[in-house]
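Okay, here's the structure, questions in a sec.
Naming follows writing order (A, B, C and D), and every chain is counted from residue 1.
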């Protein structure tokens, strides 16, 4: 792959260049002799599996870490950052996935935090100027919310826009976006693409980091791939195929992402009828059968996760009914759900799925502590044995089950979460975005596991925003929009267009009529 | 991260014993500190070094140590309970008043435990049911309320005149060893097993690191929260029994400031207030460090303010040492 | 529209507190008509002003997700040292004494600041340790003695009893502290950055906000205010003793929390803080007026705090639920 | 668990060699040591008592040990007494934080042959040989009411501002005050005791309580505060509010704390005994008890250095006590010579 490196040398118009950067943390070489260059007005994709060194790379460009060796060149001049402020001054800005927002402060303050507008003499914060400026930036990005809104009250997508506005406000010339689309739906991603392109037209250069091949293909002119802290290659996007890119990231071939298997679909295990949780979703109905993979799709915020949380006992439903194997049930809490045979792989792996500082084994057995204890007394030998078996079965890559989950890659962490579910005897498994933030290699492994699970007769509800995943894995598709089911399709006959239409297109007059109808219904006092 | 690339390693289910991890523990530092305390005390006072010091004097500082165990659980959960001192006062006052109102002493003791359990459970229910309220504010207000009730009941009186056998709790011995020390050891064993060997303990640690993940894993987090706070109330009542037995009477203002002393011992014992971290041995050692330190300095007739300063310094210095240890141990950044 | 609604929810707390104070004041007035007499209001405010000054500092600390348990000891220490100084040098100008006390507080605050900001010691532990150390030092410097009224020059005592523009000096100082704090928190960059640090410390770090320096600053300010309060305390009561203000920190924290400051950081407003402090002041000062047995006082204070925060939680829950219902019409 | 056990074993095994290195050898030089335990540290009144005690003991050629916990609780005093027992002191004189709560530990001390006395604030008769009382409680109570009568000019409201609601001394005095009022209904016809308030010996609370009294009882003439913090706080409020001459403060207080308010008229006069003498007397009672001259029974007498000879009398609580004498009256004429003493 060395031929790819050659073209990065001294290209005229290069606004940022990193040469032979090495960064060593105690015990690990995070970056090893890495090159990178970014041209004026370019969108440069950066890809790599988790742990490839991307995060360290960003931190070096933004001045959070100093490299051990190597140099950073901006506008042809060598620079050394002593603090993030200095990088900011030279026009470098980073948009992280979610770390940088201040939920308790206003949008305007979020935009200007660190470089607030002050009045000349008294150096007091100039609120009027700040809000005015912020509103101008938001308008420029076609955002339809106010700069006075509290950041914490905004959706992820809107927060992302605020982050971009923030980058613009520093007059950034180099913007780094770290997996900006990870938490966005297709629709929101499209919006982000538009804004990013707008940025470039204005002369800003963008480093766009993403796991999603689609992002890179849509946006970037060139793409660089890192693996294990090393620079693997840099190609113009048109000249590289998807497969080649995957090989570069993973280091090996992935033959087929979605092995089509023929699985016998059995008895009905779950029937949801007219399920309603006020304010989140209403009148949701579907069924699920043994060995079936039912995809639940739609935009983020369409109520998919909320439906599943309700089925898993995290929240209560207000009306409607749930039947598990034909018997009507109430579900009080997750423990109750697990006893009924419903398991869940939650959306936010690190927050909801894992006890990060814990060992793999302890994490795996957490849902089934009862099974490994008699009168609360833990049988640790049996526990470790079972955990080891599951970890082996799912091919978790670690030296032993006493390795901390913290130290695993995203994909392996996800495998541990799956192992947790398998530690109990279940019938129904809810998978909420199982491949979110997981690198390509692990994705394939997880798809494989999902196939296996279906084969073993589990009924699976798969929530996903990735169209190929939905179409490639499921047997049937339920599409939701704004808390309602808008389409139920057999995957064999479904097309991407159908799904998108059902999840996005809003007929203005129809929507207005709905609102009117329901306001009166609420007014009539049906209540909870 | 590197091992993630080597596909054919089969994951092991056997733990490797390592001397390094065994000796690289907070508790060893505490052991050293304890030995240092013994050494300094021996130097300061000719009366310190005697068998009776180690066997009998623990009874002078062990009363509040019973709360250390459940408080440790509370802190592992990432919470703090400031109301325990007041709970001690309330349950002691209830016991005394009930006995003097004609209840037989054994029944009064049961009532005392019951009051402690109720007080703890009330904290637990509030904290579990009102997630938006912080545990600090809940326990600060119940701290005032419990002691307030004790004042309302007893006003300016002291109450006591217990039957003679009641003083055995605080003063009696079992084969030459004070009953309190025996009870402490028993509690230490029970709580140690509870924390480290049961699913209950496992869930407590899990919740300390990540309560949400535990809830998603089917752990009944609310019930565990309530149980732990209830245990805290129960052990506060146990402290109330020993304390009252040692004093022979009680007043609404007993056990003032116990909560901070208990929290200090737990933290000195290496339990992180961030939750999830800490083993039973640390706080036990800390109880004896603080206890012997105070006792030894008292034997040397050092004035109380000096003892205050030394214990404050000990707390800060030990936590600084804890910081240093973690900085050394943290090898890998989480990329 | 959406912006409006948010603001309303967020001001609900202050509104509720305000209504509660009015109701409480009315109830007390019914029992004892002396309550709303000017002289009583003045004495109530005078007695509450020190609590109020400390609450401002504590709010800053709580905003950064910290806590300071050492302020009772700092008050005692700075008060004692200052009293000893003025007793030895009666000619010393009173303002110099104030400066000295505040400086002592600042030094103690800086020590805590270094421990917390530089060495990452948990605030609760660092301040718990300092609480013991500083209290011990207070006894050590005083040698167990008190400094009494006759040993203090009149100019010093006048700090707390004198008037400026017809208003008691303590109230004046408290008002000044509140005005400065309002300006500082709402209109200076440093103030807003303190909110930012509490709201999201990680974000503050990556966006180049000097998080550690701000945390250090916050404890220094808290120490300075505690030192100032120590001088005022001693001047007010014309006596300095070793056990001054034992356990006062919990009252200050309770007042902050009543005022809507979250101990989880990032949330809290000066306006709410003011109301919380006043409510606490009323509870401490008005109960003797309505002939409540002294034995009931502590219980009543505790129940009030609990009821206030629980009511607030309920109101917010209900508001959110009705907001959901409105949203449900989508 | 395994870890814990191993560590404890290590501690136990290491104690012996370490001890061998550091031990200085228990030297018993044979000097008799007498201990005095006050309520809490940092209390000038207590410091003066301890000073008097130390003088008295040294005067006789013995060694004094002066102790006080940092908080005024019985729990803390129990710990100190345990430490004193271990040190094998000859006698313990204690100013009790609780009347009954110290009985078990003091009994233990007596069983080990240590003589136990209480001074200033008594412990119950079962746990002491005798009590050194500053002055007759009855006399204090009655005198204070008479002073209030005098200051109020015979009519008006009076209120009491006490320390904590549990303080046994104060409660006893308040009882005698009530008795005095009840004994002479005719004389005190127009004198109403309207409230007993508790300032908990805290400055801020005492001030609040005083102000509450002023607001609630417009007819208030006299505040009796039988505690130093309380009387000084009341004096402060009266001075601040410009009420000198309208409302009078009296009670028991340290001359140094009250000098200002006695000079300015807020407190026309007040009472106290000399805490140095209390300590000094206690020292002689303790040594007499140790060498067997007294057993604590009523009728016995002993000599107390410069103070002369004292007799043990029966006390109101069923035990015995030694009375120092009548409380001393401090007024503008003599306050200046006393304010620097204590």
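The rule is short, and it goes like this: a residue touches a chain if its C-beta (ideal position, glycine included) is under 8 Å from a C-beta of that chain, and two chains touch if they have at least 3 such contacts.
Worth saying up front: this structure is predicted, and the values here are computed from it rather than measured.
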item	value
Chain pair with more C-beta contacts, B-D versus A-C	B-D
Gap in Å, rounded to a whole number, between the CA centres of subunit B and subunit A	42
Subunit B-subunit D separation of Cα centroids, rounded to whole Å	34
Subunit B-subunit C separation of Cα centroids, rounded to whole Å	30
For subunit B, residues that touch 2 or more chains besides their own	151, 155-156, 197, 252, 257, 303-305, 307-308
Residues of subunit A whose C-beta touches two or more other chains	none
Multi-partner residues of subunit C (at least 2 other chains)	135-136, 138-139, 242, 295
Each pair of chains that touches, named by its two labels	A-B, A-C, B-C, B-D, C-D
Residue numbers on subunit A that touch subunit C, as the complex places them	62-64, 83-85, 87-88, 94, 96, 99-105, 109, 113-114, 116, 118, 123-125, 127, 145-146, 148-150, 153, 278-280, 282, 482-483, 514-515, 518-519, 522
Complex contact set, residues of subunit B against subunit C	80, 82, 126, 130, 132-134, 136-138, 140-149, 151-152, 155-156, 252, 257, 260, 263-264, 267, 273-274, 303-309, 311-313, 315-316, 319-320, 323
Touching residues on subunit B, where the partner in the complex is subunit D	22, 25, 27-28, 31, 34-35, 38-40, 42-43, 45-47, 49-50, 52-54, 57, 60-61, 63, 151, 155-158, 160-161, 167, 170-171, 188-189, 192-193, 196-197, 243, 246-257, 279-281, 284-285, 294-295, 298-299, 301, 303-305, 307-308
Complex contacts: residues of subunit C adjacent to subunit D	32, 34-35, 37, 39-40, 43, 47, 50, 135-136, 138-139, 142-146, 148-151, 161, 233, 236-239, 241-246, 284-285, 287-289, 291, 294-295
Residue ranges of subunit D touching subunit B (in the complex, touch as defined)	1, 3-4, 7, 10-11, 14-15, 18-19, 21-28, 41-42, 65-71, 73-75, 78-80, 82-83, 86-88, 98-105, 108, 164-166, 171, 198
